[in-house]
Structures are given as structure tokens and as C-alpha cells.
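Same chain, two partners: chain A is paired with chain B first, then with chain C.
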Partner chain A sequence: MIEFNNVCLQLGDFHLHDVCLKVGKGEYYFILGPSGAGKTVILEAIAGLHASDSGTVRIRGKDAGAMSPEKRNVALVYQDYSLFPHMTVYDNIAFGLRMKKLPPGEIARRVHELLASFGIEGLKDRHPLTMSGGEQQRVAIARALAVEPDILLLDEPLAALDPITKETFIGELRDLHRKHGLTIVQVTHSRGEALQLATRVGVIIEGSLVAEGETATVFARPVTKQVAQFVGVDNILDGVVVRNHDGIADIDVNGEEIKAQSDHDPGDSVTVCLRAENVGLSRADTGGEMKNVLKGVVTDLNPKGPVVRVGLDCGFPLAAMVFQKTIDELKLCVGDTVFAIFDAWTVHLAEPEGVC
Partner chain B sequence: MRRTRPLPDRCLISFALIGSLIVGLTVLALLNMTVRELADIPHVIRVATETRVIDSIVTTMGAGALAVVILIFIGTPLAYILARTNFAGKGVVESLVDLPVMLPHTVAGILVYILFMQRGLIGAPLDAVGFIFEDAFPGIVIAMLFVSSPYYINSVREGIEKVPIHLENVARTLGASRFHAVLRIVLPLSSRHIMNGSILAWGRAIGEFAAIIMIAYYPMVISTLIYYRFTTGGLKESSTVAFVMILACFVAFIMLRLISRALGRYDDRV
Partner chain C sequence: MERDTQKAAGEGEDYHLTEIRPDWLKIITIAASLVLTGFIVALLLLVVSHPAPEAVLASLMSEEIQFAITLSLITSIVSTLLCILVAVPAAYALARYRFFGKNVVNMVLDMPLALPPLVAGVGLLLLFGTTPFGQALADIGLVFVFTPLGIIAAQFFVNLPFMLRIMRSTFESISPRYEYVAKTLGCSDFQAIWRVTLPMAANGLLAGSVITWSKGIGEFGAALLVAGATRMQTETLPISLFLNMSCGKLELAISAATILIVISVVSLYIFERYGGAARF
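Then we have the complex of A and B:
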């Protein structure tokens, strides 16, 4: 549906480097990245608002290089909603239909249909600047859908909403995607949103696409240290492989050894990625063949609802996420010595530097 | 609850006092003239109803208005280009746009004259088809257009820059060509700047003297008439014409400001 082949683009001081990505028909694709990474620029390039300096952008299989934005049938909703302040809600939604020179009767029918389906009939004659963020958001999406695009681009649509409205909206976006069979590309810096909605994600950092794939894979098995940091892996440790027997590598991390399933050869520098929820705690060394057991001192107990994030010093900092019940049972306090236990298969090794 | 007024501090008071000097000067000049003129009201009425004076005022304001209308058509596209694009030599174009502000009016007059006189680069071919600038109404309009263009272009440019580019982008993804996006989104949202630019340009145009007399001494614009009366009839003759012009301008500007206040309410909020 959307294809970027080695797209480079310069906008003032900002560069997009050699971006390759593919969004299939009907996908809910997320572009994830920190602020200022160039996510919006990618959306605008899909919409045809920026021409690439080199490389090609293809939409629906056709080279879109010479296709102007109004001919692409790609709708874009910005983070600030960008409703036309001098028009009423009705006129905002009717704008695209009027541009298509539809008969007035047809325009009125379609606008009323959209007003009804988004539950905003009451706002029909209001001006955008008198409305709340959530209301503006609904109008902006209704306006975008009025022209019946098959590709919808959303630029941080949830960033400016309060937490309750946000939850409602995530549900609505999911329905929208399913009901209209849309291909949606959404930009965000929030990992939570991506985990809830995305079928596939691309991670962009400093103008380069550093990871792309199924949401679960990108999050669970980050390709590089940079990606691991961005997707929020709790324990990211640099180490060197010291030996490898039959796919189990022993990695030296600051003098301690960690076992991981890997094909890396001895001498390879790797980044150990380990989610805190995969680390268990015990007062006794209950290790096994495929288990890692590290002795550490509790440095920090940080309750997060029903779970507690435990900071440990094992010669390097290590975080574990355990239930409050476990803390109570172990009678754990700051300063106690404890064993951190995790399976070798939960350890993921990423490339320490560079892009994929 | 009653709003508490902030206590004026010494700095504010001294700024206000210093600032009042300039306002005071204008008020004093106007009062001085008004008191003198009102001492002989029949004379003021006689001058105000004189055909020559009325013709001059109509010519001046009409030529200024026509210059502004032309500016709206040719200056607005330029303002858009300057607001929305970057290109090599943009600085040069910007300087050229601003040039008439810097030039002494007589220099502007000579520039216009040698281009539009009957033997001029543009004047000659147009003269051949019967379109004359020298000592004619079009000559006044062209001189006014030249000197007032920067005021219009810069004001409209500022207005367009204030319209978020996102609005234009969205309009385009909704099927509007760039032209339609400008027409339906950018210009309505810059309407107050367009109005203010037009008022500034019009004011600048009707105030012009030196550049106009170089190319068109006749028909007399109000400045030419006042200068003529000053050199031939003396101070009393010329100052009454000036007083009538001040009254006419005052009424016109108040009306325009009232209209512009109603326009572009969204300018402040976009």
C-alpha cells in the first residue's frame, strides 16, 4: 500500500536518512520514535507534502513522486487537529466534499452521516476553537474520513487528550480501523499506544529507521541497543561473549557471567536485554542448568500498583519486577542480600551499536 | 470579584510621560490648526465646497484606492511566495520589496518618471496605444503604487506567516489544490492583515507628493494643490485646504478601522 525505497529528505537542518519501509493494505502501522526524530516528516512525505531528495515513494503500487497531495486520497490528522477556525464544524467536515464538487444534497447527507457516527451532531454549528480537545479530535477524524480515503495518517492523535478520553479513543480507533478497512499509519512516542493498537511498527531515531517488524517482535527482541533503550527494556547491559556451548552463550558483564540462548561467538560484544518482569527473587540459590542466578543487594523498592520494582546491585544495576506478595513473603528491605533468578531463554542479545 | 488594577510603577509612569511628548506634538499641531481655522468658519465652508478642492480630494483618494486594488491582485501572490517559500536570492527580492521605503520620495519619483514618461521604457509603447501616464490619472496611480507597495506586501506576508502551515496541508490532503487552499483557508485567515496592509498602503499613497508631481503635476492631488496654494496664495489659503483634507482623512480612517475590527476575528486565535 505504502512503500518507501531508500528515501532521503532534507528539510532545513533535519535529515531523513535512507528510509525503507513497507505498509501493507489494512495494516495499523505505528511509527515510533522520540520527539524530533522525523516521524511527522514521514507522514507528510506519504501525504505528498514533501518531495524526497532521492529514493522513491510508492502508494498503491504506483510511483507517487509526481502525484500532488490532493490527488493521493490520503487523509492526514495532525496532533493539533488543525481544524479550520473560520468555519463551523459542518463546514469543516464538508470542506473536502465541496472540493470534490459533490452535489449539495449529497454533501449534506454525508456530513450528517459522519456527525451521527461520531456522536457530534450537537456541535454542527460550533466553531472549533470553542470546543474541547476530544471534540476537536472527533471532528478532525470525521473531516478526514469524509473524503473516503483508504489511507489515514494520524500524527500523535492521543497526545493532547486526558487519560480517560484517551482510553475511549484507543477503542474508537480500533473500531475505525476494523470497520472501514483502512490502512492507518500512526505516529507516536508512546510505547503503550503502539502495544495496544499496532499490527506492525517502525522505530525511527534521528531520521533513520532503526527497526521494523511485528509489534511483539520489535518490543521483545530489539535489534540494537538504541532500539532496546527506546522500547523500554529495563535491563540493558554491555558484555562480551566468553564461550558458547551448543547455542548457550556465557556473557561476561562487569565480572559476572550471564547465560543466554545465542549463536554469538566468543569475543563478540553484545548488549544483554532483559525485562524486569522476567527476573524473580529468592532468598536461596535455587539455580538450575538453564538459569541465571546473581547475588545482589537491594538498593531500591519502588511500588507500582500491585507490583514492586526492585533495584539491585549485582556488580552492575539490575531491575526486577515482582508482586508485593513476594516482597512480603521474603520480608525484603533495602540493604538485604538476595538472589536474582532468570531463565537463559528470557535473555535477548542485541547489537551494541549501529543500525540493523 | 473586582479586578484589581496593577499599581503603576515609576518606570511605567516615566515611559508614559516620555511617550506623551509624541502624542502631544500631534495633538498640539491639530489643535493649533483647528483653532485658527474655526475662527473663520465661512471661509472653511467656502474652501471645502470649492470644486477644485473636492476634485483634488476625490482624485487623491480614488487614485490611492485604485493603487491598493492593484496591489491586492499583484502584491498578495508575492506576499504568499515570500511567506511560504525559500529560494536562492530571496534576500535580494525582500530588499527590492522594501526599497521604496528607504528611497527619498523624489528619487522614487524620478525612477517612476523615466520608466513611464512618454519616451520611457514602458511609457513609450503604452503611449503608442493611447495610454498616457504623464500628467494623467494613471501616472498618479503608478507613483502611488510604487511607494506604497512595501507596506501592503509586508503586512500581508506577516498575516500569511501566522496561518499555520498545517491548515494548508490538511486542506490539500482533503482535495484542495494549492490555489484553492490559499483562497479558502489562507486568505480568509489573513483578512485582518490584508485589511491593515491596505489601509497602511492607502494612507501612504494619499500622502505622497514628491513622487507624484514628477510624473503628474496635473490632475492635482491634494498635496500638489496645497503646495500650489501655499506658493501662490499664501498660508491662509493652503492651510484651509489642509484642514479640509485632515477632516476627510479622519473620517475615512475611522470608518476603515471600524470595518477592519469586524474582519478576521480568527487572526488572533490561529
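Then we have the complex of A and C:
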């Protein structure tokens, strides 16, 4: 549906480097990245608002280079909604239909349909600046959908909403995606939103696409250290493979050895990624063939609701996430020596550098 | 006991600090602004109240002042429209695009602001009077030297920077995202500007036009050099003020001044009221 091939784009101080991405029909694709990484520019490039300096953008299989924004049938909703302040809600929603020169009766019918489906009939004659964030959001999406696009671009649609409105909206976006069979590309810096909505994600950092794939894969098996840091992997450790036998690699991390399932050869530099919830704690060394057991000293206990994040010093810092019950049973205090235990298959190895 | 005395003394000092010590900085600066305000109001009142009101009223109805009013209105309105025509697109480019030499262009376009109008007048006079360009214009009937056309040219040149600066700050205050959205909804580049950006810039346009118009009505130096000061021919309100003042017809001079004062006050009010983000 949308295809970027080696797209480079410079816009003021901002660059996109060699971005390749592919969004299939009907996907809910998320572009994830820290603030200022160039996510909005990608959306604007899809909409045809910036021409790429090199590389090609294809939409619905056709080269979009010469296609002006108004011919792309791609709708865009900005984080600040950008509702036209000099028009009423009705006129905002009718704007695209009037540009299409539809008969007035048809315009009225479609605008009322949209007002009803978003539950905003009451706002019809209001001006945007007098409305709440949630209301403006609904109007902005209704205005975008009025022209019946098959691609909808959303720029941080949830960032400005309070937590309760946000939850409601996540549900509404999911329905919208299903009901209209839309291809949605959404930009966010929030990993939570992506986990809740996305079918696939692309991670963009400093103008480069550093990872792309199924949401679960990108989060659980980040390709590079940079991506691991961005998707919030708790333990990211640099190490070197010492030996590899039958797909089990032993990795030297600061003098300790960690076993991981991997095809890496001895001598390879790797980044060990390990989620805190995969690390168990025990008073006894209950190791096994495929288990890692590291002796460590508890440095801090940080309760997070029903679970506790335990900071350990095993020669390098290691975080474990265990239930409060476990802490009570082990009578664990700061300064205690304890064994951290995790399976070799929960250890993921990423590339240490930012190349994928 | 001793501690109590100390405490009391301390309290006394606090009392002294807040109640007695005057804030000299505040007093001096506010006084300066008040003195200046009083001075300006006094000046204006002096001008308006100097001759008898009946005399001013009578001279307002005189043929000469009527001519000056008409000529001033026509020239200032035409020059303001020309300013809008040129400044709006130029300001849009300066607000929206990056291009080579933009800083220099910005500086040069603001130049007439700093330039004495008399110097601008000399330039225009040379352009229209001595160059093939001026000759070519004269050949097709556009004579600028010593005609009302020259007044329009002088007003246009001297006041363009006001319109330009106000429109530039107005466009800068409007996010380009409105146009982007309009384009995805089916507008071409020009339609997006026409239907979204310009309506959003309406207040700035109004404020800019009013200031440009009021400056145009008051334009003297450049107009004097290009168009001269000929009674009943190139006699705008400020020229009339100058001519009548120099030959001692105080009533006529004062009535021209009064009209100029009223126009300034009203224009300033409209600018402050509708200017919004617009700045000089």
C-alpha cells in the first residue's frame, strides 16, 4: 500500500536517511521513535507534502513522486489537530467534500452521518478553539474521514489527551481500523500505544529506520542495542562470545559468563538483552543445563504495584522483576547475596552497533 | 527578656522595610512614562485647540482642504492596495521558505524603514526623471514627476516595509500544518492559501492595511521630492499643512493637522484591537 525505497529527505536541520519501509493494505502500522526523530516528516512525505531528495515513494503500487497531495487520497491528522479556527465544526468536516464539489445535499448528508458516528452532533456550530482536546480530536478524525481516504495518517493522536479519554480513544481507533478497512499509519513515542494497537512497527531514530517488523518481534527481539534501549529492554549488557556449542553461546560479560541460544561465533561482540521479568531469584544455586545462575548482591528494592524491581550487582548491574510474595518468602533485604536465575532461551542477542 | 526585645526590634525593622522605603526604580520609571504621555497629549491638544473651532470648521469646508482630503484619500488608498498586492506574496515567501540570500533580502526590504524619506524621494525622482525606465513609463502616459502618480509611488515605496513586516509576522504565526491538512483534503497550493491561510491572516491584513494607509496619508518627505508641493495639484494633507504653515494661513494648516491626528488615533486603535500576532 505504501512503500519507501531508500528515501532521503532534508528539511531544514532535519534529515531522513535511506528509509525503506513497507506498509501493507489494512495494516495498523506504527512509527515509533523518540521526539525529534523525524516521525512526522515520514507522515508528511506519505501525504506528499515534502518531495524526497532521492529514493522513491510508492502508494497503491504507483510511483507517487509526481502525485500532488490532493490526488493521493491520504488523510492526515496532526497532534495539534490543526482544525481551521475560522470555520465551525460543520464547515471543517464539510471542507474536503466541498473541495470535491459534491452536491450540497450529499455534503449535508455525509457530514451529519460523520457527526453522528463520532457522537459530536452537539458541536456542529461550535468553533474549534472553544472545544476540549478530545472533542477536537474527534472533529479532526471526522474531517479526515469525510473524503473517504483508504490511508489515514495519525500524528501522536493520543499524546495530548488525559489518561481516561486516551483509553476510550484507543478503543475507538481499533474499531475505526476494523470497521473502515483503513490502512493506518500512526506516529508515537509511546511504546504502550504501539503494543495495544499496532500490527507492525517501524522504529526510527535520528532520521533512520533502525528496525521494522511484527510488533511482538521488534519488542522482544530488538535487532540492535539502540532499538533495545528504545523499546525498553531492562537489561542491556555488552559482551563477547567465548565459545559456541550446538547453538548455545557462552558470552563473557564483565568477567561473568552468560549462556544464550545463538549462532554467533566465538569472538563476536554482542549485546545481551534480557527482560527483568524473565529473571528469577533464589537463595540456593538451583542451576541446570540451560539455565544461567549468577550470584549477586541486592542493591535496591523498588516496589511497582504487585511486583518489585530488584537491582542486583553481579559484577555488572542486573534488574529482576519478581512478585512481592517472592521477596517476602526469601526475606530479601538490600545487601543480601542472592542467585539470579534465567533460562538461556530468554536471553536475546542484539547487534552492538546501530546497523541492521 | 533580652530575646523579646530583639524580636520586637526585628519586627520594627520589617515594618520599616515594607511601609516606608520607597521603590525608587518603580517611581522613576513610571514617572518617566507619565511625563512622556502628558507631553504627547498636551502637544495634540495644543494643535487642535489653537484656533477657534468655527475657523477650523470653515477651513475644513474650503475648496483647498477638500481637495487635499480627496487627493490624500485617493493616493493613500491606491498605494495601500499596491502594498498589499506586493507585500502579501513577498511576506508569505519570507515566512514560509528558506532560500539563498534570504537574510539579505529581508534586510534590503526593511531598508526604506531606516532610510530618510527624503533620500528615498531623491532615488525615486532620479529613477522616474533621468532613466530610460522612467522615460519609457512617461512615453506610455505614466508621468510620475510632479504628478499625483509620484505621490502614490512615494507612499508605496516608503510604506511597503510596514505592510511587509506585519504580514511576515502574521504568516509566521500561522502553522503551515493548516495548509498541509487543506492539501490532503483536496486543495491545490493556491486554494490552500486562499481558503485557509489568508482567512486566518485576515486580522493581520486589516491591521497592516490600516497602518500602511495611515502612514501613506501622512507621507511628506519622499512625496515632496517626487511630486513637489503645488497648491491644488499635488497638495495632500501634509503638503497642505506645510504650504499653509509657511505662508501663515494657520486655520488651514491646523485643519489639515487635525484630520491627520484623527486618522492616526483611529488607525492605532484598530491596529492594537485587531493586530493579534502582527508586529512591526
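Quick notes on this one:
Criterion: the second predicted complex is superposed on the first by the 356 of 356 C-alpha atoms of A that agree within 3 Å, B and C clash if a C-alpha of one lies under 4 Å from a C-alpha of the other, contacts with A are read in each partner's own complex, and residues count from 1 in each chain.
As a working rule, a contact is a pair of C-beta atoms (placed from the backbone, for glycine too) under 8 Å apart; a residue touches a chain by one contact, two chains touch by 3 or more.
Quick caveat: nothing in here was measured; it's all calculated off a predicted structure.
Partners chain B and chain C clash in the overlay (superposition on chain A).
In the superposed model, A:Glu70 makes contact with both chain B and chain C.
In the superposition on chain A, contact is made by A:Lys100 with both chain B and chain C. Looking at the shared chain after the overlay, A:Arg143 reaches both chain B and chain C.
In the superposition on chain A, A:Leu129 contacts chain B only, with no contact to chain C.
Applying the stated contact rule after C-alpha superposition, one finds that A:Ala249 touches neither chain B nor chain C. In the superposed pair of complexes, A:Leu49 makes contact with chain B and with chain C alike. Contacts of A:Phe84 after superposition: both chain B and chain C are touched.
In the superposition on chain A, the residues of chain A touched by chain B in one structure and by chain C in the other are 44, 47-49, 68-70, 72, 74-76, 78, 80, 82, 84-86, 95-96, 99-100, 143-144, 146-147.
Contact residues of chain A toward chain C in the complex are 12, 44, 47-49, 68-70, 72, 74-76, 78, 80, 82, 84-86, 95-96, 99-100, 143-144, 146-147.
Within the complex, the chain C residues that touch chain A are 98, 175, 177-178, 180-188, 191, 195-196, 199-200, 202.
Residue ranges of chain A in contact with chain B, taken from their complex: 44, 47-49, 68-70, 72, 74-78, 80, 82, 84-86, 95-96, 99-100, 129, 143-144, 146-147.
Residues of chain B that touch chain A in their complex: 164, 166-167, 169-177, 180, 184-185, 188-189, 266, 269-270.
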